[in-house]
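Chain naming follows the written order as A, B, C, D, E, F, G and H, and within any one chain the residues start at number 1.
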Amino acid sequence: MGSPEKGKREELFVSGHRACPGCGMALAVRHILRATGRQVIVVTPTGCLETFTSPYGYSPWRVPWVHHLFENGPSVASGIAAALRMQKRDHIRVLVIAGDGATFDIGFGALSGMLERGEDVLYICVDNGAYMNTGGQRSAATPLYASTTTDPPGKLSSGKVQEKKDLPWIVAAHKVDYVATASVAFLADLRGKLKRAMEVRGPRYIQVDSPCPSGWGFASDLTLEVGRLGVNCGLIPLLEIRGGTLTRVRKITKRIPVEDYLRVQARFRHLFAPRRQQAELSRLQSLADEKIKTYGLLKG
Amino acid sequence: MKLSIGAVVRGGSSLGYHTGTWRDRRPFLNLEKCKACGICEEVCPDGAVRKTQEAYQVDYLFCKGCGLCAKECPAKAIELVPEGK
Amino acid sequence: MPWEEVLEGSEAVALAIKACRPQVISAFPISPQTHIVERLARMVAEGELQAEYVRVESEFSAASVVSGASLAGSRAYTASSSQGLLLMTEVLYASAGMRLPFVMTGVNRTVSAPISIQVDHQDTISLRDCGVIQLYVESSQEAYDAHLAAFKVAEDPCVLLPVMVCMDGWILTHSYERVCFLSQEEVDRFLPPFKPPNYLDVENPKSWGSYAEEDVLMEFRYSVQKAMTCAKRIIRETWQEMAQLTGRNYGGLVEGYRIQDAEIILVAMGSVAGTVKEAVDQARESGQKVGLARIRCYRPFPHEELWEMIKGAKVVAVMDANFSMGSEGAIAMDLKAKLYGRPSAPLVVPFVAGLGGREVNTHAVLEIVKSARQCYESSIHPLEAQWVGLNAELLTE
Amino acid sequence: MREIRIHGRGGQGSLVLAQLMAIAALEDNKYGQAFPFLGGGGERRGKAIMAFCRLSEKPIRLRSRVSQPHYVIVQDPTILNEQDVLQGLRPEGLLLINTRKEPHELGLPSWVRVQTFSRVQDSLFASGKPLTNTFLLGAFSAITGELTLQAVLRAVRKRFPGRLGEENTRMVEESFSEFGGKKP
Amino acid sequence: MPWEEVLEGSEAVALAIKACRPQVISAFPISPQTHIVERLARMVAEGELQAEYVRVESEFSAASVVSGASLAGSRAYTASSSQGLLLMTEVLYASAGMRLPFVMTGVNRTVSAPISIQVDHQDTISLRDCGVIQLYVESSQEAYDAHLAAFKVAEDPCVLLPVMVCMDGWILTHSYERVCFLSQEEVDRFLPPFKPPNYLDVENPKSWGSYAEEDVLMEFRYSVQKAMTCAKRIIRETWQEMAQLTGRNYGGLVEGYRIQDAEIILVAMGSVAGTVKEAVDQARESGQKVGLARIRCYRPFPHEELWEMIKGAKVVAVMDANFSMGSEGAIAMDLKAKLYGRPSAPLVVPFVAGLGGREVNTHAVLEIVKSARQCYESSIHPLEAQWVGLNAELLTE
Amino acid sequence: MGSPEKGKREELFVSGHRACPGCGMALAVRHILRATGRQVIVVTPTGCLETFTSPYGYSPWRVPWVHHLFENGPSVASGIAAALRMQKRDHIRVLVIAGDGATFDIGFGALSGMLERGEDVLYICVDNGAYMNTGGQRSAATPLYASTTTDPPGKLSSGKVQEKKDLPWIVAAHKVDYVATASVAFLADLRGKLKRAMEVRGPRYIQVDSPCPSGWGFASDLTLEVGRLGVNCGLIPLLEIRGGTLTRVRKITKRIPVEDYLRVQARFRHLFAPRRQQAELSRLQSLADEKIKTYGLLKG
Amino acid sequence: MKLSIGAVVRGGSSLGYHTGTWRDRRPFLNLEKCKACGICEEVCPDGAVRKTQEAYQVDYLFCKGCGLCAKECPAKAIELVPEGK
Amino acid sequence: MREIRIHGRGGQGSLVLAQLMAIAALEDNKYGQAFPFLGGGGERRGKAIMAFCRLSEKPIRLRSRVSQPHYVIVQDPTILNEQDVLQGLRPEGLLLINTRKEPHELGLPSWVRVQTFSRVQDSLFASGKPLTNTFLLGAFSAITGELTLQAVLRAVRKRFPGRLGEENTRMVEESFSEFGGKKP
């Protein structure tokens, strides 16, 4: 098996899956497997990715793939990794590709355990910021003030109250060697991070911002554009954290105000209509400013 | 057809499920404009743009008509037209 | 070379597991399962057992780790008890549906609330629907034997289901008693390496954990039930083979003790059966025709064998160390349901005995016999179970 | 009791159409029941799906799918190639198809009573507005007489309060009169 | 002022909950429960419902949050389905043992593996032992009514147990149909504020969650069973009161439909009963004496009422939308166990129907009737359940 | 209610509990309640503290106390806090007092959820570095190389392989306002931290090193001495972290080599006998050195 | 005695359980040496040292004999002696 | 079958003593069974607890607690104030108490056969070494004759390999001869 980038590129995640048209997550997975190559086993907890790739009789996965439950991806992966070691097959690497709900919420206990034990598993969170598979409920990854079906805006509410759980740094605080954030809008960057992650043994974590036309409320051809806006406004910093320290950031090419990002998504519509919610918008802008400053996201 | 034990499924079998019927817009790739940059192939979530010997082609068996290829094509070589009803 | 030793029931189990050469072990500690998994940890630390031992953060993960290991084609083992078993519920349903043949020990202990570490069968009984085979043992010796048998049954191509060996906490896990062991060669011959029909193989990639629609789902469920039915035969055969190997013959799915001409038959499972046997002997000495049908395999439920044993009796007394709140004990329910409508089926009198560690001695058993006899003699058909040893003074109005 | 089956695609609001009918039934002092067919896992936009509706003078107890519909409504003509929309359709039943084509162009068996629509929405996925469905609803009311215009209008206003409701009631009225319905 | 509306079953439930004025709501989303909890979230966001809505990270935590809220003396509500209910298992056992009277909706859906969102009763049935009262409803109207009743039953001083209203996913939660609502005043009169006998009070500090030894544990278990038994009366009375209030009378723990002279009686629960009633009418029209006994309260199991209804029948056909692997369906088991030994009890024929969303229409019901009649006429007593609509072509050997 | 430090001090955690003689945890709890006063409700997950205070009929808790399960302390506490808010009783504060197993392992998913939601709960981990209630099995809080019954030393093992999970910093990465570490050996410091924590609303976390004579293997009168050695060797730094930054450390009064700490405990015996395991001892010493340096634990 | 509903227990009721029987060593507090610093009261895990009007006293109903008070007493005023067997 | 009940305190190794007896039984070609009484939750050091042992020529099936012991062994005399150590003791049974006191000083009913020990370990909690128990074991063997010295010595060596075993076998031998046991 040569580098999958060169020569005839073999598709390991094939057509016929049932993602919504324009699904960012589906695109992410295509590229994740391009970067890892075929010597991998993938575990996916319940969620959109599982649902759109698991209907009985129709699997787009050309690598061994397992879905077990919603909350146990890291543990199933640990069991596989343990078996591979005993079988002397540990040149085969184990990946978890999981939604943000599985990662930030219900499966986080298991993930934390996996990290703590130091399992040789690359955990990839394809983050669409809500429980999309079940209709877009709040997750801990939902951004501040986004509307979800369980945290809707209303007379007493402007959407989600809490800031997005800062999982990359929480994972890093587990003394994990390789942690990164990526975006579907920057596919080469994503593949590069995957390659570097695959060079490390032990637990690793990559969080991929995966815009979701159905859940975020934008047209299906805007997936990459929305992803780019997120990165360029500073709310979605693309980082590499090694041994607990920030080692690399992707600089913002063209800084934009957060409003440009928010305005194109129905989940933030209530911040603009029926009336503009200035306090909320300002807080989101300063959140972006803060990230830009802390991580040095601007060039020069 | 007999069920498999434990509902195990052959990898890649989704090629038997044609999502092209979901489409309400059809992307037309204008080869004259196309610069063969490969971006459309990169960005298609459904892997429905294929590079053949000759050129990039949309596989209408699977294309869901999301429009991403058209949007991202730097040469504006792809046009979306409504599926005839 | 077989050998004999007096040791803890937990250690007997650990030695059985070691002899089965599992590749992956994962467990989360809970009393009274701890001695089993601690012993295994020591074996791994000393290099006596070559296995990955995954020290997980919960029972949910323990069951998930062995699921993953099983999917990858390795032999895998876990053990738990009480709260831990309840916490595994969701994983066990899924693993049975995925047909993963791992083995686990269900160390019987009651469940919260109130919390207690006392023995009863509520924990494993609560898992009786999920598709995991349940074997119950009476002694440390049988616990040893049953764990060897469990892997063989689980991995049989017509079964491919998880198997749980249920053993009473403390009473078996923490008792010292004589146990005969097989040599490693004998075990290896009895239990060849695991050859899964499918496993996670990059050369032949498959997908597990499908989503099923209403057009196939019922058939998938039915196939688990079919595997359960087939398991009855496999379990019987496995115990026969074991009997040939060891000379220890416990019977098939049900052990009959002094059953032939018995008029009163007790039905029980687990370690209490030993005490019941003593009581049966005492009753026989006093001229009463009493016998015991000990359920050794509760899932699949061996109603055919039970029927054969009890059809000649006048009355059957069922001892349930569990209770389905708002209904009755699970064994009584299964048994009566399966006997229902059989012509001339005997009277069945349900008892709740040994709940929450409440002592069951020969005296209590003889009281059960007496009460069952009275029911028969006065043609009373009790609708509610009798709770043996209930202290009425403690009860509020 | 009248039974209706609706064929559409994920995102086209087949269920909403069924719900509007059920709501309208109450306005006509009847009983209505509307429910989805569970094609489950992956009801993504564009995938062919179904919804059901029952209308009755008496309380509706039946919970099974509609298998012998009096009316079949097809929101998206491309579905004709995917699903057997005629399945179980009663001989006296009616097939309503949202297509500009003429009935005879559709290659259906001759026993089937078909109604097509001269005016069809361009994209059925148009930004969450149920206009196509209210168009169909008005037509259904006019053609079948199962629901009164008044009831339908009330139902639309209930389900879509505000401006959206206004647009849609206008659409109902238009299609109702286009298909020969007479205001009471 | 009472009012009537056509709306989604989920919304009817949400409106019932709102009317009950819970102080704490906590839930984790899972299809098909989502519409209920989303609707409640909207009410809270709009200030229409004054409650704390705790958006937890799992169902384990959802059940734990309502436990905590209940301990603090507040009325609390949660809802779940399928995998979520399985994940709550351990919490529900403990909460019942601690006698916490919260209410939950169990939206019925099958359980993994294979995963599916289709409806059946496997999820709630798996919780039948734990001490949570289970009510099953046929329609959105009954779902609305049952949630009001649930709090009243749960909080009764002689009950003090969690109550779960079980309603079929999709078929009820996602159907639009006519529902009559009570006015808030009526509900307030029906359901006064919750007055817990004990709650977390710094002025009178008490301790919860004791460790119990074998000297008291069995009595604590027994007291839960006693509460279950008492609950039968309370549930009956509550529904009577409800009937007076609303004019809707579903019967007591069991609804009998055309049962008086019925020779063939179907036993079922949940929404399928509506279809069964249609089939019963059809059968009656063709001169067959068929009736339905619909179980409205499954835990506690209403065997007295069932017996009264079916004792005159020739044959009883039980429809189970669940299956205990290695045994049979739970309703059949409960029923046969409780009828066992009754003199001249009718033949009981078990069916598995509606598993994994498999369609049950009047045709299927009439087939069940036919098959049950045949069993009776040919004196066949089937030991294994018949799986209705099984597609044999899909099954492996 | 005046300050519980002054005037007649009322004992809120009374005699008659069943902790082992010399139990550090029992001592910690006495002082925790002294600092908080009686306007609190305590939730305790399953573990030693629960077991030795819950036998039916005999409760040493003079504040309302709940044990529910092992893994759901944070969630039960969240439910109580929610109810108190609705009941307008939220001058009463909610505490969780939990073992390290409940905190670091099985209950961590729930804890992380509680932190993320921002619940007004003070979470106190009484850390004895293993599952003591069940006989001393490994937890994620077990120190590197300590012997436990599930990670025993042996031919292939020197005890626990992983370093202690760094929970205070993981919690801090959840953007929690108040995080502290304390030790039973420094009771005034412990009480001070509790008081400061009680002044903050929202989630707070205090981790109390609680030497355990039975589990660590030392004489029952050495509990405080062992605690002091742990602090003074640098392995148990006493920190205060506010808003994610270190704001206060307790300086080491008299620095000692880690060996002085390890040698008095049976759980480290295998590092000295049958033969001295120099590599392991050196690694532990450098761990301490590192902490001393990072946190500036030395005076001057 | 009747059981409570749900096994609820009165706070502070452990005072009815006397752990003094567990003790195999008995701490004797020598009032002559005692400086009344209160450390013994502070460090007792069982709350078995009480400050009375007059002085610090060990409550032998509860004292388990751990020895912490003796160890930590700065005045060495507490002596442990084996319980007579 | 002989039944033995041992009273001690958490940390004094009552169960170990029972286990040693059961192991020794095998060495005598008998059956032995040893198990704890679950006083559950809070078996802390110092708390009064119990352990049981059965010795028999035939396999032992009984699983209930020992309620009518042939022998009662009390490891710690302070327990006499807490537990009814005589409960169920057979009339012909024997009570062995680890105390320096004379039997008549103990205030026991006159029917009870009592054996005390002139030499008692100072602290029963001495650093995990089971010396007191092996002392009692040797005495038990000598006084009752239920287990041979040889069997007991083998059991001790099996349960405690290495130096610990040596110390303990010496202790067994000492007490065995002190209490009049004769080496075979």
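Assume contacts are C-beta pairs under 8 Å (C-beta built on N, C-alpha and C of every residue); 3 or more make two chains touch, one makes a residue touch a chain.
Only a predicted model underlies this, so the values are computations on that prediction, with no experimental measurement involved.
K.L.:
Identify the chains adjacent to both chain C and chain G in the sense defined at the top.
P.N.:
For chain C paired with chain G, the chains in contact with each are E, F, H, in label order.
K.L.:
Compute the centre of every chain as the mean of its C-alpha atoms, then state which one is farthest from the centre of chain F.
P.N.:
The chain lying farthest from chain F is D.
K.L.:
For chain A and chain E, what's the span in angstrom between their mean Cα positions?
P.N.:
That gives a centre separation of 39 Å.
K.L.:
Could you put a whole-Å number on the gap between the CA centroids of chain B and chain G?
P.N.:
Computed from C-alpha means, the inter-chain centre distance equals 79 Å.
K.L.:
At what distance in angstrom does the C-alpha mean of chain C lie from that of chain A?
P.N.:
43
K.L.:
When the centre of a chain is set as the mean of its C-alpha atoms, what distance in Å lies between chain D and chain H?
P.N.:
Computed from C-alpha means, the inter-chain centre distance equals 86 Å.
K.L.:
Got the chain C residues that touch at least 2 other chains?
P.N.:
In chain C, the residues touching two or more other chains are 55, 57-58, 83, 87, 90, 94-95, 97-98, 112-116, 118, 205-214, 216, 219-220, 223, 357, 359, 394-396.
K.L.:
Find every residue in chain G that makes contact with two or more other chains and list them.
P.N.:
As it turns out, chain G has residues touching two or more other chains at 3, 5-7, 9-12, 19, 22-23, 64-65.
K.L.:
Mind pulling the residue numbers of chain H that touch at least two other chains?
P.N.:
Within chain H, residues 38, 40-42, 44-47 contact more than one other chain.
K.L.:
Could you pull out which chain C residues touch chain H in their complex?
P.N.:
4-6, 115-119, 139, 168, 170-171, 174-178, 271-272, 274-275, 277-278, 357, 359-362
K.L.:
Considering the complex alone, what residue numbers of chain C touch chain A?
P.N.:
Of all residues in chain C, those touching chain A are 23-24, 26, 50-52, 54-58, 60-62, 64-74, 76, 90-91, 94-95, 98, 200-202, 205-213, 216.
K.L.:
With touch defined as at the start, can you tell me which chain C residues reach chain G in the complex?
P.N.:
My answer: residues 113-114, 393-396.
K.L.:
Which positions of chain B touch chain A when the two form their complex?
P.N.:
Of all residues in chain B, those touching chain A are 7, 9-19, 22-23, 42-48, 59, 61-62, 64-68, 70-72, 80.
K.L.:
With touch defined as at the start, can you tell me which chain E residues reach chain C in the complex?
P.N.:
Contacts found on chain E: 83, 86-87, 89-90, 93-98, 110-116, 118, 122, 125-126, 128-131, 133, 209-226, 228, 231, 299-301, 303, 322-328, 330, 332-342, 345, 347-348, 352, 355-359, 381, 383, 387, 389-391, 394-396.
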